[in-house]
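Naming follows writing order (A, B, C, D, E and F), and every chain is counted from residue 1.
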């Protein structure tokens, strides 16, 4: 059935992370009407989930929330969160997207974000937003800084006990909510679908996620975040304050055997950043970064790296070949000592895998835009305008067009907004 | 560690002279089929490559090598090729126990009955069943390997053989990958367990499988025996180093450094023993080597035969 | 101090797949190798890269410790095929001592 | 303006129990009702709901109130909602203040203390609201014109983007031709496009665009003004004569680019051996390649083996590297040289298989799309890599080898720290990027320059292409090392900001700026000294009753609204609209009075 | 007073809920059993911590629960205000029950 | 409940920047972490607005402690933080002269999610003003 609910905008931004928000703001500020479609329950993307950001070490939330709230209050920007993009195609001069609003089982108009439902809900569910280190409820607002402040009822874990419904002061709970389809028609679209980390569970060398206290870098971001699961740095197996922490670089980047031949570009810097934050909160801990090449190429990055060295963070040039479970919750990393002294093993209380970035979205069977061999969206003019795709009127920015850091993402989003604006004013002039 | 040069030359010499790396004539090694009454014609040719048959001799020679490793005697090995004695030839055959030789034969008989049970149409022709030469390849004697492999392959080709069943990973790898590459002769090669079609009641048994490097990693066949076991209601416990990421049993180092081989074998045995289940190997070298560690290990075919 | 040998790669081609220079010296092969002794096999691969012919011959015994288990090749991030390089070096050394 | 005749309406939210479970909302209402100036005090289950908002609208429309205070959740959530409601009632949205009695009261305190604190916060808000006045956004007329300084790829791209949005652009380049450093490049890493093709693709439309005026051979003399209304004086060489141009412009984009690092004399043998050249030299060689056959030829000599050294003039470390004469050390990574060097190496190895290459690096930084592949391709092309530590760099010296004039000694950490000699007949230094010296322009506009000598943006993430001075932007390698694609992105980002700023012909700025009470101002000038933004505050002479007196004057378009001025005025003659010091003093009074004496 | 329309609506909703429950039978069952375990586990932790503070290994041992799971519960209970962190002991932190009403009363007395 | 609230002693005034510390305080509220109720948080754009006299007026009016919660180095107003720090230095000097305990005034940076730091600052100041009582200054 073709939905009859059609909404018209100038630009559709797919993905409400920092790239999408910036592109939307730069378009909205020029007077274009923008729709942001976000698959998650909140905008903010990966950035809002980070602790602090390199190389300035300012708190990620402090940088992201202003952009989130600017977008959510912007007169020209409309947010569609918790929505799936079913198709995105050319139609006429513009594009047409089929969107499905996933049910929250909460009426967004009635809900006032009071979280009474969350407090009363008796079912605890492992909270992926907190690296699975603590629990949320079966109905909950995804995280404290989420926009919109609307809870999601997790059907997978709901007992239908009715307590949230009884408690809700505005009768906003609706167990019968159904997915709703609608169409967005726009003149242009910007793809800002970001990334996921390569899952550890497919990685044999590093234990497929089965070795205690071997975590991925996103989990470490949560541990370091001021509103993280423990509010301090503890290792997940037993709550011990770790004394020796290792970073395994290129864990699924620059590694064909792991399926990711390209450099993920941010891991060196975030590992150094996390190491610095760790040495701030655990001044006595030993922190080691095992690396192949330190790629501190951005503005102020090399200086950041040298500062980390000066702070006593140890850098060992070796790719960790394997991690094994050690005694008392430790993890043993195995690597080659490149000074010629042979193979070394080292016990660490906590090991962080700097997992590579893979695309957060696959256009296959949704949108005819091309992907490169790296699976990210193809940029047809990587020099003159890296945001151009092979679909006219469809632009790409941020990690959707290949791994990049926040600085480069924000700049590229501005560039995509510029191209989209030009595209619209040019076609306008033709008309 | 022994001088590789000596070992290589001994092996090369043996293969050249007797078509067997240990210098033992084939008629002495390959005797298992004599009372097995196997068809001479069939869709497939069973090609054992003599690896199972060699195992007892390998074990025996290793025992001797172990004694001498790191001693002055090790240096004398270089004369071995002139004096076939402890570690090669008939001398070795003499000191290897009959029981071991019989066990090796039994495995092959088991495999035959499994194939029969699975209604595989196969033949066995001792005249065509030869050593593949793989050890020469592994050792870097490329010339020796190619010369030997050509002989073996041409013989099979002349006999009109198209489809081959192998029983061990080394021979399987040689025939599947190396023969086409270095002799230019192609066969359709299957490992015996790829052809098995067995069904039985769930016996609730769990085993730990040790995948040989060639099956697990090079040929990526480790799923196959697991499926065969599943059909018999036997489950395989999950260990870290398995399938494509299996760990070597240490066997290949036997002739160069038995002590190194033992070290690796002990480590592997420990990993395999962790789930506390019976261990299943499906390579004669792995089987022999893991047995040395004292682990509770048997050949896949032995287990299968018991459950059909 | 040694001088790099610019021509060794050419000599080795006869015996080996020519992938040694595809290795970027991450050390995975050495650390994953079940032998876990010394820097094998990367040491050998590095010697090939810089053309340290003599060092390879001097340390050639090491090559035969290789179990040919293939784990290094399987986990090599660059798919430089370290296992094949070692096998090739064995061939080179065998040919060399047979010549001598 | 009297604060005593204001009619304050206070609206207190139950938040469906979120507030009322801990705060006795009706009791608060009772107390608030008695507060002086409060004409209406109401409660609602959900103030943010339509009925809640309707209450405010009705009270405003019926003139019962002229100031609004809502006590509810955090202002970040609903301040905008209630301002919107006030606008719908036809009133000015700035007559509103917010008391945060959920996040900062009912969710953190319980019982009577919560009720008391809520009362006081409302008392403070209503005290403040009495001093609020209707405000209008400050509207500054803006010229629909942008000046782009620098005619390299960044400037060209920015100019083109802005012009295509219908805004006029003046593109100023100090050299006689446009194109900047791209003019001297050949094939670009990692995909091998020809630099000249890239340049042409952008230059053609620039040259033909009606809205773009190009000034080559031009130098900026002065820059004055503020956002929307800058004026520049430019000297342009035309037919060997200097012409003075006056450019009135709404926004300025700095795209002044970079130069290639020149090695010091003796640095890796540079200047001492003719066979030691820079990467830029090599690129020029390749571009003008005259070699035939299977070896690269330099000055007619076949190159059999070349050594390439990474990180020359980049990633310098104090105490290890020798600073330049001016004391400057380039501690940053130049970002582009790894890929550029590998790109050159691949071209040579693919075209001239007889020319061997050894690359000596610290870290290979092929971070971008297609770059790791470039590195891998170099490996496949049999480039030999060697790695050195910063404190033990390779040493280039003469060699007594018959075929190779040079040797490069390296302690190679990939070969277990063995020391090795690599024979070479050519040594290429991967020289990094340095910003072009624009200190004169920067000081004219008071633009910040970082310790790395590059121009410094406001914030790398929040405002990466902006300066703190509204209306001035930056893009490209004047900001940091970037490759061509990254430069074009930065240019696009700068262009989008300029376009958004100028598209309407006027600029609306926050009304929260300083305002001078000219009756009180006695021209002390303390505020001008305290002001953080040069030009925002000036002392001007005005004639009052026939006498010339000095009075402070605010240029609203430049004022940040921080209040630094208000703090220092001895006469309290200057304050910030909407956030006045006096308001805070009254709020404190309300708080200390426990809510009853105000 | 009874409103027949209202009643009808209620009945209809009841029936709809019944259908929904039937549809989600398996999910509900697993969620319920998880909830019951969690309730028991949380109760055990609370019992154990009554009147004392303890570290994760102590609690884990005391109530015979894996340490990682214990930490998961403690982190969660801390988030929902039932647990507070106390001082460090060796490499571990102590945790105790949060009894705000009591402490507040004490303060007010 | 009595219609007339009890007079509260030892009030703490918190000047919290609208971009950092004020949302930071909201974040504490979202976490339902309780802290002493004698705290009054005023939302400010930049604390550089307050002259030296403001602080003394507050003390005179009976405020027992003041915490300036700024954005620190992340201050959106270029140069304002430096000016603020300088201003407070001058205030401290005068406080010393007037024998006002310097701990009654505190400058700190609080970010939007710095719950722990916020609570620490507030509790420390509360502890302090409980010990010291209201400042005894002439009105």
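Please note the rule applied: contacts are C-beta pairs under 8 Å (C-beta built on N, C-alpha and C of every residue); 3 or more make two chains touch, one makes a residue touch a chain.
Everything numeric here is computed off the predicted structure, so don't read it as measured data.
Taking the mean of C-alpha positions as each chain's centre, the chain lying farthest from the centre of chain A is B.
By C-beta pair count, the most extensively touching chains are A-D. The geometric centre of chain C is 68 Å away from that of chain F, both derived from CA atoms.
Each chain gets a centre from the mean of its Cα atoms; for chain A and chain E, those two points are 29 Å apart. Chain D and chain E have centres, each the mean of its CA atoms, that are 47 Å apart. In this assembly, the C-alpha centroid of chain C lies 51 Å from the C-alpha centroid of chain D.
Annotation for chain F: residues 23, 30-34 touch two or more other chains.
Residue numbers of chain E whose C-beta contacts span two or more other chains: 79, 100. Touching two or more other chains at once are residues 58, 66, 231, 254, 338, 340 of chain A.
Put simply, chain A touches chain D in their complex at residues 26, 29-31, 53, 55-56, 58, 63, 66-67, 69, 73, 112-114, 116, 149, 169-170, 254, 261-263, 265, 293-303, 306, 317, 338-340, 372, 374, 376, 379, 382-387, 401-402, 406-408, 410-419, 421-422, 425-426. Per the touch definition, chain A reaches chain F in the complex via residues 58-59, 61-62, 65-66, 144-145, 225-227, 231. Partner chain E is touched in their complex by these residues of chain A: 119, 122-124, 126, 130, 133-135, 138, 155-160, 162, 175-176, 212, 229-232, 234, 236-241, 243.
Within the complex formed with chain A, the residues of chain F that make contact are 19-20, 23, 27, 30-31, 74, 111-117. By the touch rule above, chain A contacts chain C in their complex via residues 205, 250, 254-258, 292, 318-322, 334-338, 340-343.
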